[in-house]
Amino acid sequence: MTDATAPSTTESILTSTARDWSSDVTTFKGVPWGKAMMWIFLVSDTFIFTCFLVSYMTVRMTVTDPWPNPSEVFALAIPNELFGWQFLESPIPVPLLLIAIMTFVLISSSGTMAMAVNMGYQRNKKGVVLLMSATALLGFTFVAMQGYEWSKLIFEEEVAPWNNPMGAAQFGSFFFMVTGFHGLHVSAGVIYLAIIAYRVGRGHYDKTNFEIVEITGLYWHFVDLVWVFIFALFYLW
Amino acid sequence: MATAEIPYQETVPLHHPKTWLGKYVFSQDHKVIAVQYGITAMAVGLVALVLSWLMRIQIAFPGFLEGFGADEYLSSITMHGMIMVIYLLTAFLLGAFGNFCVPLMCGARDMVFPFVNMLSYWVYLISVLVLLVVYPLMLFTDIQATGAGWTLYPPQTITAGTPGADWGIVLMLASLAIFIVAFTMGGLNYITTILQARTRGMTLMRMPLTVWGIFIATFLGLIAFPALFVSAVMMLLDRLIGTSFFMPAIVSLGQKLEYSGGQPLLFQHLFWFFGHPEVYIVALPAFGVVSDLISVHARKNIFGYRMMVWAIVAIGILSLIVWAHHMYVAGMHPAFGFFFATTTLIIAVPTAIKVYNWTLTLWRANIKLTVPMLFALSFVLTFIMGGITGLFLGNVIIDIPLSDTYFVVAHFHMVMGVSPILAIFGGIYHWYPKLTGRMLNDTVGKIHFYFTFVGTYVIYFPMHYLGFVGVPRRYYETALGGHFPDWYPVSAHHLNIFITIAALIVGAAQMLFIYNLVHSYFKGKKASDNPWGANSLEWRTPQTPPSHGNWDERLPTVHRWAYDFGVPGHDTDHIPQDVPRKESA
Amino acid sequence: MLIAAILFMVVLGTVIFNFMSPWTFLELGSNWALIDFTVLVTFVICGVAFVILGLYMVWWVYKYRYVPGRLAEYEPENPKLEARLTIITTIGVVVMLAPGLVAWDQYVRVPPDATELEVNSEQWKWSYRLPGEDGIFGFAHNKYITFENPMGIKDGDPYAEDDIIITSQTVKIPIDRKVKVLLRSKDVLHDFWVPEIRAKMDSVPGMVTYFWFQPTLLGEFDVLCAELCGRGHHTMRGEMHVVSLDEYETWLGAQLTWAEMKAGAVPLSPQALQGRSIAESNGCFACHSLDGSRMVGPTWTNLWGSTVQMEDGTSLVVDEEYVRESIAEPDVKIREGYGPEMVAAELTDEEVAAVIDFLKSQVQEESSEQVESVE
Amino acid sequence: MATEGQQHPIKIYLLVWALLFVFSAISYASDYMDDGVIRTSVILLFMILKAAAIVAVFMHMQWERYALIFAILLPPLALMVLMTLMAIEADYAWATRVEYMGEPIAPEPKPPPTHRH
């Protein structure tokens, strides 16, 4: 154990794993406490989201009422006029348009977060604050768009968690519950990002290190990761 | 292992409060938090004990208790079960023992994030208050504690025929969700401490089995509680805003409900995906504690340490794929019976190995019959009884006649009621000197032990036979109108009266224990640093009780496993973990 | 050495209790002898293991008790011994599991010659349906349930017309005929269980579950609910009579088919109808039966105008005053043999009057001795 | 080492970022395909690719030691068991609804209300 963290090329995967697990002091070499804790928390959170999604799968497979086609339900029309200027003959409905935009917003925020982490390791305070703020802003945009999507579903399509005029009531139930739970995660993440960005800006971590940025990043990427699954399994399937 | 070259070792920033409130109430010291967890868990456990008395009196002497109707009976079984499993056993074994043992036994100054650890306790306390607030509410309002059974199966949990289906269940689910938050905060701390903050020389394979048990149990908790959390959220939504996750079309007491299409079995699967690991969340720390107690007090190394560790790991992994053995008669897919019966009986093998190794540890040992040792020995016998009846119920076809009878009640009380409680008592008698600096009274301890062990055995062992006859569980009144059917003969009722009397005596005997705890705290014999001659690190702290931060400036360095008892050619019969190898030679 | 003695007593007591105990399985009343056999195999293996382990413990606790200055034998592990124990355990487990899996295979595979019996469960009573002459059940769903259609049979399903509806809690089955029991629930989980038959299964709303058995013992057996189903769980008891084929045919001939039931429904006056729907929406029928059978509360059949015994020894005639009081303050007068379980219902005077009209409609002229016959 | 942490060239982040956009676009495009095995495979394939890219690069897992990787990736296997069994279970319950309750087999969903578009 001369260099605990250097990636080894000569060791096999199993030897390396066994050696780390049979060593003293730390099992995850070079991983700070906070990061280890965040990783384990994310495993736990994975179980929460997967249980939600497995429930969704089970109920969707069990109900005999028709399941609405999300691609039609979440279609959004491109307007044919803007500020009185008519540029199209009629509005063009595009399936999942808003969802697609939301997906791209969230991916963009993941990108800026990754950059922020990188800046953190370069101890580039300004870069960290800027990029984290950008991430938080994108996250906020995502939540706002989700709010719009919810209101559209509730008021225009008349879908409620307990009621769905298009078929199985569970469509609305799962939609609001799963996206709501994810939305809560995003909102918490936005607040978390804002706090950390503020503290980085105030020089709170100048004397130690910027690991906290990476830990925040892990959480944020996880939120993005969950959206990947929701997007594929709820909207596309 | 060149320990000096560790490039990076973090330290816990210790919070040293000045005020009394900061030192003893909002303390971030893991030992204080352990005591807080322990006292709260015991207090709430006493509530559950009283509930069990009420139920037993109703079973043996129906109608004796005024105002204890079917509603009160059902809410009592529910609250008793939930309190015992979650708020007492899980909280005590992980919250109290976990907090106390993990940093001390790993050689850490504290948990890695003491503030989060403190929050964990306070959130746990909130969950307990939310759970128990239903009792004052019952006095002043129409609200009734939920009577759906601790498994909370829908649809009955939230339909009108069940007591507490309106608000009692909401309080219960809310309390569970809060508990899960509390557990997650604590559990993340235990795991990270065990994985990342051991002292030098403390490899995983040198850790005492107590820490191993707590480690795997906590990990199981972190990945099993989410399933309960999810099902609790979904049931809350079903109850409060009328979604139909678990609720199909229902005509409840003549009224059509607004539900359609849900799947009640989904809840059962999610519940037991949590619920079975939960059994091992309770059992594994108890296994660990008992292993350590037997080894220390028998003055002999634990037999087959590596097998013991791998058995814990194997049980932990297997426990995630055996959940539906609680659902053999639930009407699930018929083929599941084959899968789950097989995995369940496979899990018997590592469990049996643990029992063999405890027994074999006694062979050619030098057994000191201290109070902790008595509890450990009784644990082994009780656990064997609970384990083999588990083989009955795990085997799908035998479960068919026995499920939902008193056989099940007897089985799980033996295996996850009495056994872990015996381990907890043993652990308290064992660690009390280190925690307080005083010994517990031996005589009172022995009286308490014999009442508890023999008493619980005569309560639960005969109960299995009621199950064979076919007495169903959760019956408010079995002999309706004084009529004793074939499946509940008069002799069975007499047995029930006997069990009730035994239960009242055993319950009352627990007051001895509380007296002992309180009395010895002030008047007990002063304890030395290492009164049992144990090897693990908690007995090597410079002060007794250990100060905040546990160690002096230097953390101890570990040179050996925790079980060097009776090493040949050595002048004492035990060598603590931090004694270097050359000195011991 | 008290502990060694106590442990020994416990092991010995366990064995003695087992052989002396009068409590064991009731006499087997079905084909499931394989279940009893598997239990026996498990009993023997586990019992032997328990006694061996317990006695070893007692012996070693006694033999290796503390002697100051003596060192225990230092033996961290013994791979050979551990491997041997593992193998022995595995063999034991396989021996227990094998008959269990074989029996389960039989349990879930229904023989093709089994006849079907549908068990309907609701809080807190049983009812039954037979497929009739065509051998096929009509579709049924909880969403079709009305007062006149208690099983929720789908309207216009041709297979449903000859289905036999048994609203009584007692069902008869002929001896030796294989029966596939289909389980349905109107409201919550229940579990159809006859201890002598061994077999049981939950009924789950929103799906249909099943098991099968072949009765081999004549007699009248209790049907229990084995899944906690609310406050009346312990009162949910039906009866299953295993009878000779002749007796079965006679009994069967007296039962109504769905078509007959629809045709023979007695029309109620509008007021009585209103009273029924008030009672229904207040959940009265969860505890008060309309067929004379005893549930949590007294039956409503022939109740009106009858003389009833109270708990305090007095008796009274069921009249308007008594009914009004019992609805508003059910705790004041308790019928003998019943508990104070009822929750007060807040009804207006007109609503009570309607309920009383319904009560009057439930008085059958021909006999009043049927009341309370089922204890 | 930990003081240096996970420092990697910016280029790889930009590359993965771009890839994620491409993958998302393809996932989204699958909505225009006909229902069937191919569409399902496309959805699942790109879901997994995106997830893998995020976990491996953005969350730095590919630079972590195997001790951590296994600890994070193995426990969710239990969820695969849950998912598989629940799929079988759901199918079974659905079949009893169709067989005994006369529920229609895969009826057409009603279209969403269009009057307000």
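Letters are used for the chains, namely A, B, C and D, taken in the order the chains are written, and counting of residues starts over at 1 for each.
The rule we apply is simple: contacts are C-beta pairs under 8 Å (C-beta built on N, C-alpha and C of every residue); 3 or more make two chains touch, one makes a residue touch a chain.
As the structure is a computational prediction, the values presented were derived from the model and not from experiment.
Chains that count as touching both chain A and chain D, per the definition above, are B. Counting C-beta pairs in contact, the chain pair with the highest total is B-C.
Centre-to-centre separation between chain A and chain B, using Cα means, comes to 35 Å.
Centroid to centroid, with C-alpha atoms defining each point, chain A and chain C lie 49 Å apart. The centroid of the Cα atoms in chain C and the matching centroid in chain D are 44 Å apart. For the pair chain B and chain C, the distance between C-alpha centroids works out to 32 Å. Of all residues in chain D, those that touch two or more other chains are 1-3, 75, 82, 86, 89-90, 93, 97, 101, 103. With touch defined as above, residues shared between interfaces to two or more other chains in chain C number as follows: 141, 206-207, 209.
Counting partner chains per residue, chain A shows two or more touched chains at residues 3-5, 21, 27-28, 30-32, 36, 43, 47, 51, 58-59, 62-65.
Taken as a graph of touching chains, this assembly has some other topology, since it is neither a line, a ring, a star nor fully connected.
Which chains touch which is summed up as A-B, A-D, B-C, B-D, C-D. Taken together, the chain D residues at the contact with chain B in this complex read 1-3, 75, 78, 81-82, 85-86, 88-90, 92-93. Residues 2-3, 6-7, 10-11, 14, 17, 21-26, 34-35, 38-39, 42, 46-47, 49-50, 53-54, 56-57, 60-61, 64-67, 70-78, 81-82, 85-86, 89-90, 93, 96-97, 99-101, 103-105, 107-108, 122-124, 141-143, 145, 152, 183, 186-189, 191, 193, 195-196, 198-207, 209, 222, 224-235, 237, 279-286, 337, 339-341, 375 of chain C are the ones touching chain B in the complex. Residues of chain B touching chain D in their complex: 7-8, 219, 223, 263, 265-266, 269, 273, 320-321, 324, 332-333, 335-336, 339. Residue ranges on chain A touching chain B, taken from their complex, read 1-5, 21-28, 30-34, 36-37, 40-41, 43-45, 47-48, 51-52, 55, 58-59, 62-65, 161-162, 168-170, 173, 177, 181.
Put simply, chain C touches chain D in their complex at residues 137, 139-141, 154, 157, 182, 184, 206-209.
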